[in-house]
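Okay, so chain A shows up in both of these, paired with chain B first and chain C after.
Let's look at the complex of A and B:
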């Protein structure tokens, strides 16, 4: 065996692993940023803090820049390293994940803009209990999905996927209460609509967290569970693939 | 030069080109399907055809299956062919594009579900003129984005990107009229909300068409224009890259 070339290829492979690790690290940084965007957008609404809402809205540009940067890194890794099997799946999962994180950023920025118009209108806002509750739920989903990604933890990922249905139910019931508020008080229509858009944005955050969790299962198991009914995902089948 | 190996590599490269062509063809088929989903969902609403609405809703599964199939093909091409430069960009653009087409499918299915509940409620629906108008606009955007993809036509793609702002304006003004309807007539709140969700879904279709157009520019020029202000994309700069 040619020792020099062996050392060389070890060197290459170490570098390659380092690049993959960096991709993951950058994805986690982006995830942390959008998680914080959602947190602060909702806090701005609940505390009537228009400065904070503006900050969130303006910070969306940072999220977008991060997506472009990470996508660019992924393309370089694909072109230079031509990864196969699980390495290839990791890079593809990162590309897909940045798209979802970017959209979560968009939703945070929508929440901030609606919060801003609510604060400026100076009206009493109804439905805030629901907003707080659902926002806590989807932020937990997002945090868990990111943790699952960082640790390649498919069990945690599967939990996130199952959680999404609960959020959808909560969202449906919150929307029905808000409709009742509208019917009771015509003057509340504008503000209640803004709260509805905010709830909608939060529900979308949950959907994107769900997508992230699905990529984790794809990258670890090579199994694409998108569009599967969560109840039909057989845990034993997942284990056999592990 | 070794003629045998040259013939062999020509053979490989012909096969590879054929695989890339097939990816594009499958993407176009998926594009045609979701375009039709949007058309029929809106038609079901305008004509009060609940059967058609159900058909659209149930056909969403086909769209999802297509996404998984094309993504799987893309992963295989990446693993086996290890494409570089513009070939790599094409495969990545197809992966991104299927995600957007799948979401357009979701929006069509949301439109169908809202149409269904409107038809079943039997109430007179307001705002249909706006729905028709915006739906025609975003369907044109989608069609143009797909044509731009098929022909690698960056000028047409840039037109689509610019069109998206016009749709956003139309959407904003339609939403304001709908809010007025709500305030005038309390009993209309439920149906008007459904029409609002439909408009929202159409506006999202426009956003996804805009994304598709951006991928065309990325794949042809290697320039990522996502998150750029359409007015700041310098056509001369694009031409210099061509």
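Let's look at the complex of A and C:
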């Protein structure tokens, strides 16, 4: 059966309601934190703000700590409550989601480190238009995936899954134009490679947002669409289920 | 494991469902069809003094598997279990409609002898009820009733039954001691050995571990799993984790109706109906 975002507040045990609510709240807090990390890492690069880049790099530890904390809470719920059905799926989805959020945090920190070296080198950086464009795209995916998680919205989640292909295409074409820059001017190879790493990190953020959206569908529908081709996901089947 | 996605709800039309006065508009969800069924319950309704306890229930219990019946108090799960070896015969206030077939044979047919049916379909209750005699005599009791066994053969069967009930090692040196000298958990395994001694085809377990400590409970659960290669087991339990741990299939009953019947793994991770979900996750209906 389908569940809704308030399903988890209807247990006979109020304490259990509260524990599950806290898991969701903490996941959202962690989501907000990594979303901001990506935003500020890219801003540091675009604005040449090395202090901001350092801040992002150093804040990664906070993200890691949050992952450990939420995982620990999940372990305790599993041990004490032996959740079943949608409660079990929620706990599993949260555990998986924290792993992806932590990886997004790593990507943000990677972007910040590359931004720092670019800023310090003082060279003219090419490819920033592509960085801006793709970063906006993946940040929207991430935001939508988190909203879908908070609202148990499978339609929005499915949109995110479909969006990932568009990001992959944009990433491919950005890489091709950066290759051209490198061929035109071999002094640009170093900086362009850094930008390529940044683009690669952003593309990975999109992949993780895609994963988060898949967990939402698992959580709400009990349907595991990982490793499925987005075109093969049958919307009608999703609607019928439950 | 038979897991064909074949649904076989009761044959009634929507109109007749409304006539029966119950709001089960969708009918039960039955998420599998056993390859080989041991017990076939069809259209079973049962009432205590006119008060309905089971309403037009149809389900198949697969052979050599563990099937659990779960549901809130008063849902009819124990009533259904008791119907499977005609324990309700003793109660004149009980009226019944519908059929139950054991290996294809109607258990209410006039030619079926109740004591033979109960040998084939053994039952174990919540509180262990060993007889006031020795451990050995408890297990041999049913065999003596049957008669015709040599002492040696009897010894072999008693040992086999105690082995099968995972009790042999604990009692082999004191078979002549009173059954009441055993711990509650051991007594329950002794009762299972007594039931196994007459070689039943089905073992019905009504809350077999609810009076036991956690370690004894695990032993009983382990025993249930080990017995399914030899016989069909049906378990009634309030303990959902227990149903999830030991059973292959789970039927959720509510208000005398079958609500959902599915492979245990899918029922406990992704039930199809809200009523099932609410019950197994401990939510208010």
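The definition used in the following text is that the second predicted complex is superposed on the first by the 229 of 242 C-alpha atoms of A that agree within 3 Å, B and C clash if a C-alpha of one lies under 4 Å from a C-alpha of the other, contacts with A are read in each partner's own complex, and residues count from 1 in each chain.
Definition applied: contacts are C-beta pairs under 8 Å (C-beta built on N, C-alpha and C of every residue); 3 or more make two chains touch, one makes a residue touch a chain.
As the structure is a prediction and not an experimental result, all values here were calculated from the model.
Peer 1: Return first, second, both or neither, reflecting whether A:33 touches chain B, chain C, both chains, or no partner chain.
Peer 2: neither
Peer 1: In the overlaid three-chain picture, which partner chain does A:182 touch, first (chain B) or second (chain C), both, or neither?
Peer 2: Touch status of A:182: first partner only.
Peer 1: First (chain B), second (chain C), both or neither: which does A:95 touch?
Peer 2: first
Peer 1: Report for A:85: first if it touches chain B alone, second if chain C alone, otherwise both or neither.
Peer 2: A:85 sits against chain B and chain C alike.
Peer 1: Identify the partner contact of A:16: answer first if only chain B is touched, second if only chain C is, both if each is, neither if none is.
Peer 2: A:16: touches chain C, not chain B.
Peer 1: I'd like to know which partner A:71 touches here: chain B for first, chain C for second, both or neither.
Peer 2: It touches chain B, and chain C stays clear.
Peer 1: Specify the partner with more touching residues on chain A, choosing between chain B and chain C.
Peer 2: When the residues of chain A touched by each partner are counted, B comes out ahead.
Peer 1: Identify the residues of chain A that lie in both the chain B contact region and the chain C contact region.
Peer 2: Touching chain B and chain C on chain A: residues 82, 84-85, 88-89.
Peer 1: Chain A touches which residues of chain B in the complex?
Peer 2: 61, 64-65, 67-68, 71-72, 75, 78-79, 82, 84-85, 88-89, 92, 95-96, 99, 179, 182-183, 186, 189-190, 193, 224, 226-227
Peer 1: Write out the stretch or stretches of chain C touching chain A in their complex.
Peer 2: 240-241, 244, 268-274, 276-278, 280-284
Peer 1: Can you name the residues of chain A that touch chain C in the complex?
Peer 2: Counting only chain A, the residues touching chain C are 1, 3, 7, 10-13, 16, 82-89, 222, 242.
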